[in-house]
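Here come two complexes built around chain A, the first alongside chain B, the second alongside chain C.
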Partner chain A sequence: MSRSGVSVRLAFAILLLALVPALLAWAGSPYFGRLAQVVLVAIVLTGALNLLTGTAGLLALDTVVFYGLGAYTAAILSVNAGTSFLVDVAAAVVLTSIVGAICGFALVRLTSIFFAVATMALAISFHTTVLNWGDLTRGPMGYRGIPPVRLFGHAVGGWLESYYVTALFCLIALFIMHRVMHSFYGNAVRAIREDEECALSLGLRTRLMRVQVYTLHAAIMGAAGVLYAHSNQFIGPDNFVMFESALVLTGVIVGGIGSLPGAVIGGIVMVLLPEALREIGNLRALAFGIVLFLSILLLPRGLFSEVRALALFRRDMPNSPWSRRRRVP
Partner chain B sequence: MIDTFVLSQLAIGVSVGMTYSIVAIGLTLIYRVLSAVNFAHGEVYTIGAFTTLIGATALKLPLWAIVPLVLLVGAAFGWGIERAAFRPFRKFTDEASLKSRAVREATLLSSFALGLVVREILDQVYHGEWLAIPQEYLLSNPVSFGGIHLSAGELAIGVVSVVMLACLQFMLHRTRIGIAIRAVSSNLIGAQFSGIDINRVVVAVFIVGSLLGAVAGMVVSLAYGNVQSFMGLTVVIKAFVAMVIGGLTSLPGAVIAGILIGVAEATAGIFLPSAWTEMVAYAMLLLTLLFLPQGLFARRRA
Partner chain C sequence: MSEPLLQVRGLAKHFQGLRAVDDVSFDVGRGELVGLIGPNGAGKSTLFGCVAGAIPRTKGEVRFRGDSIAGLDPGRIARLGIARTYQNLRIFPDITVFDNVSAGAIGPLGISLLGTLFPPLGRRRDEAIAEATLAALERFDLLAYADEPAGNLAYGQKKHLEIARALALQPTLLLLDEPAAGLNDTETSELAARLQALRDAGLTILLVEHDMPMVMRICDRIVVLDSGRKIADGMPAAIRADADVRAAYLGGEP
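On to the complex of A and B.
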C-alpha cells in the first residue's frame, strides 16, 4: 500500500535544509534566522516530551530539568574549561542520561496525575537549586558570554551556518525519535500506556521500558539544552521556570499527543504564536493558557492525531516489518 | 532545653501548615468525588487574598464586611472552575467514565490552563508586584503566652482554621448536602440509586472547597499583609503534597499532613537559608510517593 516516491521524511529534510534557508536568505534578516533556530530547538523539545507524554502516556512537567541541565552543563564547561560543542553535547547527554535514569527509576512507578505532580515538584526544585547554588550556577545572574558553536576547530559564525548546525541537529534528533516511536519497540511502549497489566502479562518489562523511554527523553532534552545555550549565548534561571515546561506540554497537546508530526507542528506554534503576539504586549502566558484550554476542550486529539501519524508512517515505510500488513486468517 | 525561639518558630510553622491543610481539604474533597486534581485551586486562594485587597483598598469596606465578600467571591469562583474546567468533560455520570483516566487527565490540564489564565490576568492587571494590605487592616499585634511569641495574624490563622474545620465537620455530618457528598465519595453507584444528583454534589464540593481556600487566602493576606498573583501556586503544590501524604482521601490525614509540612519547613528554616526551605515539601512529596505511596493515613485505596 505504498505510494512510491513520496516520502514524508525526505520532504521534511528538504524543507528544513533547503527551502527554509532559502526563504530566510530571501528575508535576509538575522531576526528570522534566530527565530528559525528557536523553532528548531522547540521542535526537539516537543518531540522528546511527546515520546514520554504521547507514546508512553506519562504526563510530565519536567522539561526544564533536563533541558536546563544540558544548558548549564554546556555553559559551565565551555565558559570555565573552554570545551568545544561536541564535547559539551557528549557531556550533557551522559549527565542527563544518568540523572534521567535515576529520576526515571524513582518516578515511573507513579502514574497519571501523580507522575505529573512529582515531575512538577522536580522542575520547581531544579529552579530553586539553580537560583541558590550560586557557586556553580552563578545564581540569578546566569551565564553570560557562552561562546558560539565550535565544530572541528571551526567557529560557526553567521546566522546561516548556525542555522544549518541547528537544523542538522534537529533532523538527527527527529530521526532517532521517529525510529523509536515507529517500531515494534514503540508499539510495545504504546501497549504499556494502554494497559499495563496486559502488557506485563505478554512478557513486556513495563517498568524497565518506561525508565528507558524516560532516559531517552532526558538525553534528547539535554542535548537540546546544549544547543540552546550555545545559540543564545546567555542562560539564566528565568529560562528554566516551571512555566516553560507547561509551554512545551502545551505544544505537545496542541500538536497531537503521541504523533511526531503533531509535535513538530506544536513546536512551531509554540514559538511563533508568542512572536506574533509580541506587538500586543506581554501576553505570552495568557495566550498559552487560553490555547491549552481551548485545545483540550475542542481538539482533544490535537491538530495531527496519533492515528493519522501512525497511518502516515506505515505508508511511508512500506518495507519495514513494523508496517507490514498482515492478514488475519 | 528547648528555647522559646524554637518554640515560636514551631508555632508559626503550625499556623502556616494550617493554611496548607485548609487548601488541601478542598483538593481532597474534589479527589474523593471525582478522583481528579483541581490545579486551579491555588487561584482560589489567590482570589481570596485579592478580594481582601480590593475590599480594603478600592471599596474601603470594614473588616466585618470583607468576610462575606470573600465567601461570596470564593463560592462563585469555585462554581466557575467547575463550570469551565470540569463540567465540559463530564458527559456521562457513570463511575467508569466519571473517573476514567482520559477525563482525569483532561481535567488536570484544563484546570491547570484555567489557573494559568487567572494567574496571568491578575499578573497583567497588577504587574506582578507584591501589593500591600493597608496597615489598619493588618493583624500584626504581637501576642505572647508562655514565652511563645506570635503575631495576632498567625494566631488568627490557627483559630479561623479550627473554626472552618468544625464547620466542615458539621456540614459533612449534619446537613443533607454534606451527607450526599459523603455518600457519593464512598459509593458512587449506591448514591445514584438513592436519587442523589451527582452534578449537584460536584458543584457543592467545588463551592465548599473554594470557600475554605478563599478564606485561607484572606486570613493569610491579613496576617502577612502581602498579596501577589503567584502566591497560590506554591501553596497549592504544598497542599497537594499534604493530600498525598495524608492518603489522598482522608480529611484528617490531609490536615495532619499539612501541619506536618508547615512544622517541617519551620524546623528546616532554623538550620537552612530561607531559599532552601521551599525544597522541604517537595522532598517530602518525593519520599512519600516513593516509600509510602498509600500515604500515612490511607484507609483504603480509592
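On to the complex of A and C.
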C-alpha cells in the first residue's frame, strides 16, 4: 500500500501551513485570507458534525447551538473583559462540554428521526434565546468590534498571522477527530450505529459512548465558534439560524458521511462553491442547489466514502496490529 | 465437582396468555457442550433471550457462577462472560470483518476516550483488544478477509464471523442460536468440528439447534423443550430413545 494515512496527513499539514499561505501572500489580498479562514472553520464544523452524524449515526441539526455558544462566549468575554484568545478557547470548550454533556445525556435516549427533531428544537430555542436575551447577547444587534486574536499579550492583527492561528487550530481539531474515528473507539461507535441492540449484547456501553461523542462534537464546535468570532470580528443571531446547521449537514453528506477526508472536502466545497458562483449573480443559489442535488443523487456515499477513508487510515491506527510497528502477515 | 456454571431454575416467560417458557430448570456444567432442542415454537429462542438478558423474564432464577443474573441488562451479562449469537444473522455489514470482531473484544475490555486521544495511555488495552480480535479471527480462518466489508462474505462465513465476534468477548459461556441454519452439509460439519474444538479448549457452550444429526453427534448433553416445558434432559443416546421426545417431534400423543 503506497498511500498511507501518514503521508496524507503530512501532505495536508504542508498544504495548510505552507502552500496556502504562500498562495495567499502571493495573491496579497485580505479577501482571500478571510475566505481561507472561513473555509478552515467550515472544515472543523463538518468534521465535528461528521463524527456525530457519520460515525455515530445520529442525524443532528444543532450545529449552531455549540458553534454559537463558543462564538458568543468569545465575544462576551473579549469585549467586556478583554480576555486573551486562549482564555476564550478554554472557556468556550468548558462551557460547550458541560452543555453538550447535559444535552447529550437527555438526547441519547432518542434515535433516528426523534433525535433529529429534538436537536432541531435545540437549534431553534438557541436562536430565540440569543435574539431575546438582550442584556447578555445584545439581541438582534449582535456583537461588533470583537478584537482580533490576542496571543501571549500581543494582538495577531495581520490577516496572514490570523490565518496561521486558524490553520493550526484546524489541524489540532482534525487530529483529535482522526484519533477518535480511526481507532478501536471509532470501531465501537460505528458498531453501535449499525445495530445498537446487538452492540449492547456485545457488552458495549452504548449510551455512555454516545454521550461522549456528543460532548466531544459540542466542544470542537464551541472552539470553532471562538475562531469565527475573532476572525469575523462581528457576530449576530443571523449567523446562527437553523439554515447554517443544514448547510454544515449538507457538507457532511456531499463529502462522504462517516469519512474525515470527506468532511474536509465537504467543508471546502460548501464555502468555495457559492463563492465561485458569485459571478452569475441571482442564479447562484439555484446553481448551488442543483450541484448539491446532483452530488447526492450520483454519489450517495459522498466524494470520499467512509469505506475508502477507513481503508486509508487503517494501517496507521495507533496501537493497532495493522500499524507499522507490529505488522501481522 | 464444583457447582454448575449456569443454573436455570423455574424460569418462565409469559406473553399475555401464552406461556412461551414455562417453569424450566436445567444446569450447564463447566466445559460442557449442551444442546437445547425442541420443535418450532417450543420456546428455545425465548429461553435463550431470557438467559442473555435481552427478554425480561416473568419469573424464575438464572445463576451464573453462583450469582444471580436474572434481570440484569444484556450489556452487564455480556461483560460478566456470557456471549451470544443471533438466530437471524446480526453482523455489521458495512464495516470490515476485523472491525466487526474487534467490537466484540471491546465490550468486556472496555475502551476509554482519553486512552484513544493519547495512545500511550490506551496502549495496553488496545493491544489486548487486537490480540483477542486476531485470535478469534484466526480460529475461524477469517484473517485473510480481515479488511473486507463483512457484507461481502459468503453466507457460511458470515455465520462464522458472528461466532468469532462472540468469541472475541473471551466469554466463559457461549450461547449459540441456530449456528447451522442455512449451512450446507460440508459447512455444517466444519462448524461442528470448530465447536468441538472450542469445547475441548475449555469453553462452555449452550447450543440451540435444529440440525438433529449435528446436535446428537457433538453435544455432551441435550435438553429438550416442547410447548415451553422441559420434557427431557440427558445424554444424546437417552434422548434418541426417549418416547416423549419422539412424540413431540412426530406430533403424537405423549
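Operating definition for what follows: the second predicted complex is superposed on the first by the 292 of 329 C-alpha atoms of A that agree within 3 Å, B and C clash if a C-alpha of one lies under 4 Å from a C-alpha of the other, contacts with A are read in each partner's own complex, and residues count from 1 in each chain.
Going forward, a residue touches a chain if its C-beta (ideal position, glycine included) is under 8 Å from a C-beta of that chain, and two chains touch if they have at least 3 such contacts.
Every value quoted in this text rests on a predicted model; they were computed, and no experiment measured them.
By the touch criterion defined above, A:S183 reaches chain C but does not reach chain B. In the superposition on chain A, A:L216 makes contact with chain C only, not with chain B.
Legend: residue contacts after superposition of the two complexes on their common chain; A:A199 is shown touching chain C, with no touch to chain B.
In the superposed model, A:L23 lies in contact with neither chain B nor chain C. With both structures placed on the common chain, the touch criterion links A:L286 to chain B but leaves chain C unconnected.
In the superposition on chain A, contact of A:S125 is made with chain B only, not with chain C.
Chain A contributes residues 176, 179-180, 183-185, 187-188, 190-191, 194-195, 197-206, 212, 216, 306-307, 310-311, 314, 318-322, 328 to its touches with chain C in the complex. Residues 36-37, 85, 88, 101, 104-106, 108-110, 112-117, 119-121, 123-124, 237, 240-241, 244, 273, 275-276, 278-279, 281-283, 285-286, 289-290, 293 of chain B are the ones touching chain A in the complex. Looking at the complex, you find that chain C touches chain A at residues 52, 54, 73-75, 78-79, 83-84, 86, 90, 92-96, 98-100, 102-104, 106-108, 110-113, 116-117, 119, 122-123, 126-127, 129-130, 133-134, 143, 147, 149, 165-166, 169. In the complex of the two chains, the chain A residues touching chain B come out as 59, 106, 109-110, 112-114, 116-118, 120-122, 124-125, 128-129, 131-132, 243, 246, 249, 253, 281-283, 285-286, 288-290, 292-293, 296-297, 300.
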